[in-house]
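Chain naming follows the written order as A, B, C and D, and within any one chain the residues start at number 1.
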Amino acid sequence: MAVQITTQEAVKKIRDKSSVMIGGFLGAAVPLKMIDEIATAGIKELTVISIGAGYRGGGVDIGKLVLNKQISKYVTSHVGTDPNLIKQIVNQEVELELSPMGTFVERIRAGGAGLGAVVTPVGMGTEVEEMAEKIIVDDKPYLLFKPIRADVAVIKAHRCDPLGNLQYKGMSNTSPVMATAADIVIVEVDEIVEVGAIACENIGTPGIFVDYIVKGHSYQERKNVYEELWIATNKL
Amino acid sequence: MAVQITTQEAVKKIRDKSSVMIGGFLGAAVPLKMIDEIATAGIKELTVISIGAGYRGGGVDIGKLVLNKQISKYVTSHVGTDPNLIKQIVNQEVELELSPMGTFVERIRAGGAGLGAVVTPVGMGTEVEEMAEKIIVDDKPYLLFKPIRADVAVIKAHRCDPLGNLQYKGMSNTSPVMATAADIVIVEVDEIVEVGAIACENIGTPGIFVDYIVKGHSYQERKNVYEELWIATNKL
Amino acid sequence: MSRDYIAKRIAKEFRDGMYVNLGIGIPTESANYIPAGTEVFLQTENGGLMFGPKPERGESDPDLANAGAEPITMLPGGAVFDVATSFAMIRGGHIDMTVVGALEVDQAGSIASWKIPGKLLTGMGGAMDLLYGCKRVIVAMTHTDKHGNSKIRKRCTLPLTAAAVVDMIITDKAVFRVAEDGLYLEELAAAVTVAEIERLTEATIMNIGEWQESEMS
Amino acid sequence: MSRDYIAKRIAKEFRDGMYVNLGIGIPTESANYIPAGTEVFLQTENGGLMFGPKPERGESDPDLANAGAEPITMLPGGAVFDVATSFAMIRGGHIDMTVVGALEVDQAGSIASWKIPGKLLTGMGGAMDLLYGCKRVIVAMTHTDKHGNSKIRKRCTLPLTAAAVVDMIITDKAVFRVAEDGLYLEELAAAVTVAEIERLTEATIMNIGEWQESEMS
């Protein structure tokens, strides 16, 4: 059962050295307000688990935590969008743990689904072989990766009800899997609606997975934020 | 891209000795018309892959294929609802391959998702250990199961569009995973709607996974079938 | 009668806000006795959370059924999903409690419920996943089989459904807690004596002496 | 100019009803040249099928973006889903074709595109999954690097993104088919000579002699 709290209260669930999953995809569909709050709170030595870095060019969304030097380890599949993060990795200020994107997501799914490992052919014949254990199944070689879990997941959904039932709009990205794989799950939503307002078929993440609800920007505000960002970066 | 065909045409995709996944759960949410057509066509020596047997008591839905002795192997987690099937298993007319229910479903998911194996703790310390390979990950013992795929999957959805985009209603059961794990995927729907009539968020299985569409009973007809069945069996 | 007793006793284990999966039979009946003011969210492994009672005739939905393929309704706030999601939820440790029946339970908390060699062949269904994954496992059953033999054993004789997972045993005669070091008697049903429990329980009861003392004092 | 040429040439590989994932850059531009009457379903690995062109200003949706986090629209019949589903689709062999850029490709069909030791550090993103899982892999790139060195090698010198997966190479100068036994020249761009291709291609071209003959006849 979920509890609605403020972003200030929610950020206290994250401590120095916490591992934190952050939903979204290269800056799209991320929990904007919670990331700002983490930046403001100045929590340090975080292990951030995110499918990629922040929005292209850096300094936006997760990129703020990079500029603040709040991250000591980055678990991901791609950091190419944030030059500041790449610099910190090269300078060994940030430790990097890479997996191929599909493997990264599947490792989180395994972490949330009580599975012991991910067995995938992806990465065979590449340097990725060194990041995993090799096993043979039916005479074919595969890579065995361990599951990923986090202390806290900070995810994004369009709306939710007070029970924590989440409805996504558009690409839900990594939020649905991350919701399953952390000890504490905080969701940032555009809108909170009454119990029963979301049809049972439209619940993308049931409340069983959600601990805390935080009210983010309204959908219209968030739309404005992205329109401005996309226009400023010549994408719209 | 999907093609709409008749049940008579669809059943020709299944041959003697084919492996056939059948969606639904112990008789609920099964593709009723297609199962009837398989029974009528008299295809033999089928390997049926289904999460359980047919509706309680036997002789209904998949139970018709049992009565017809069309099945030579049953891959499942539970056969307790169909006494006829149990008899055929005891008499060694039907070979039984069991996995715990969660493992069964995950093996199909792995088959459809290109994963090499399922690594699960479920079944450790039981006879299930003999059905799998034992492996150690991070000093903990797990069972490693191989993926399951089929020649044909016959699944059920509420409605679809001509591209094969499926919308489920209520419990979608095993249909979404089975849609990913067979060479040929046939869906039986209550209703076929225009492209665009199903919102992009409400598509449970995208058309990329679907080969053939078959028009089943209308929703109202299907509701009548189940009301009668449930009343006759004292469940309603 | 004893069926009702067990169902009512199970219901005392419900806590507000719990997500619970109830096995068919007596465990399912316990939902009728959820205490007022306690909200319990019921999960069904075929893919639903927060389902409600069976519908009226004419109101059933062919796509809403429980794990026994029986018609159910969904409560406001209920969610439906596919079986892969459902078992990710179960195996991943997200369900607070499950209550199941059993053929035998032993003092190590192991449980046998799916197979009698040469007699009962049904398959394990979702039981192994539920017993492994749910945070708290309660076994609800009659204390003895129809021949009067103890179903609470030193060691299960039938093939296990799961090893060392049971937290509590509720029978028509008593309630036991399964601890690391063995079985503890917690409650006796009305008119049941410690002597009777001792006679009808094959397993070693760690605190049977203390129970006698407290009864005699 | 050569960019357009490559994008147009890629578009000739589209077949009606294909599900295709296009890498950023030139591959994505090829969508502008999909032949009339050919319907191609574009997949984006962050979780969408059948997306359309970028929206007008004021019409963008913060929840509809491509794998480069750029705004997109959804076409009627389009579907959205999460990334686990998306990569199940990719790795599971459900996508008919992917077109990607590369730093190097070799005659065994291996490709290097994600890392230059000591220079380029970005991570592999979804490239390894796409190259492994998609039924047909086309590499689209300039024939040579900015120093004029061949990007089509006997053997890749950079860390691989995937081994032995490429089916076709489209450059600004030529088109190659990668077969079991090596690289075959299939087409030359306008005004490009076989001699030039031979000079600019480090890899062994299996049919280079036949090409000379057919040109001279």
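In this text, a contact is a pair of C-beta atoms (placed from the backbone, for glycine too) under 8 Å apart; a residue touches a chain by one contact, two chains touch by 3 or more.
These numbers were taken from a predicted model, which means no experiment stands behind them.
Looking at which of B-C and A-C shares more C-beta pairs in contact, the answer is the pair B-C.
Seen from the C-alpha centroid of chain D, the farthest chain centroid is that of C. Remark: chain C and chain D have CA centroids separated by 56 Å (rounded to whole angstrom). Averaging C-alpha coordinates per chain places the centre of chain A 28 Å away from that of chain D.
Averaged C-alpha coordinates give centres for chain A and chain C that are 37 Å from one another.
Counting only residues that touch two or more partner chains, chain B has 106, 109, 113-115, 120-122, 168-170, 200-201. In chain D, the positions touching at least two other chains are 48, 74, 80-81, 87-88, 91, 132-133.
Of all possible chain pairings, those that touch are A-B, A-C, A-D, B-C, B-D.
Within the complex, the chain D residues that touch chain A are 44-48, 54-55, 57-58, 60-65, 67-71, 74, 80-84, 87-88, 90-91, 110, 115, 121-129, 132-133, 159-164.
If you check the complex, the residues on chain A that touch chain B are 106, 110, 113-122, 135, 137-138, 140, 142, 144, 146, 168-170, 200-202.
Touching chain B in their complex are the following residues of chain D: 17, 19, 39, 41, 43, 48-49, 74, 76-81, 87-89, 91-95, 132-133.
Looking at the complex, you find that chain B touches chain C at residues 25-29, 51-52, 55-56, 76-81, 86, 89-90, 96, 98, 100-103, 105-106, 109, 120-128, 158, 168-177, 204, 219, 222-223, 225-227, 230-231, 235-236. Within the complex, the chain A residues that touch chain C are 1, 109, 112-115, 161, 163, 165, 180-181, 195-196, 200-201, 203, 206-209.
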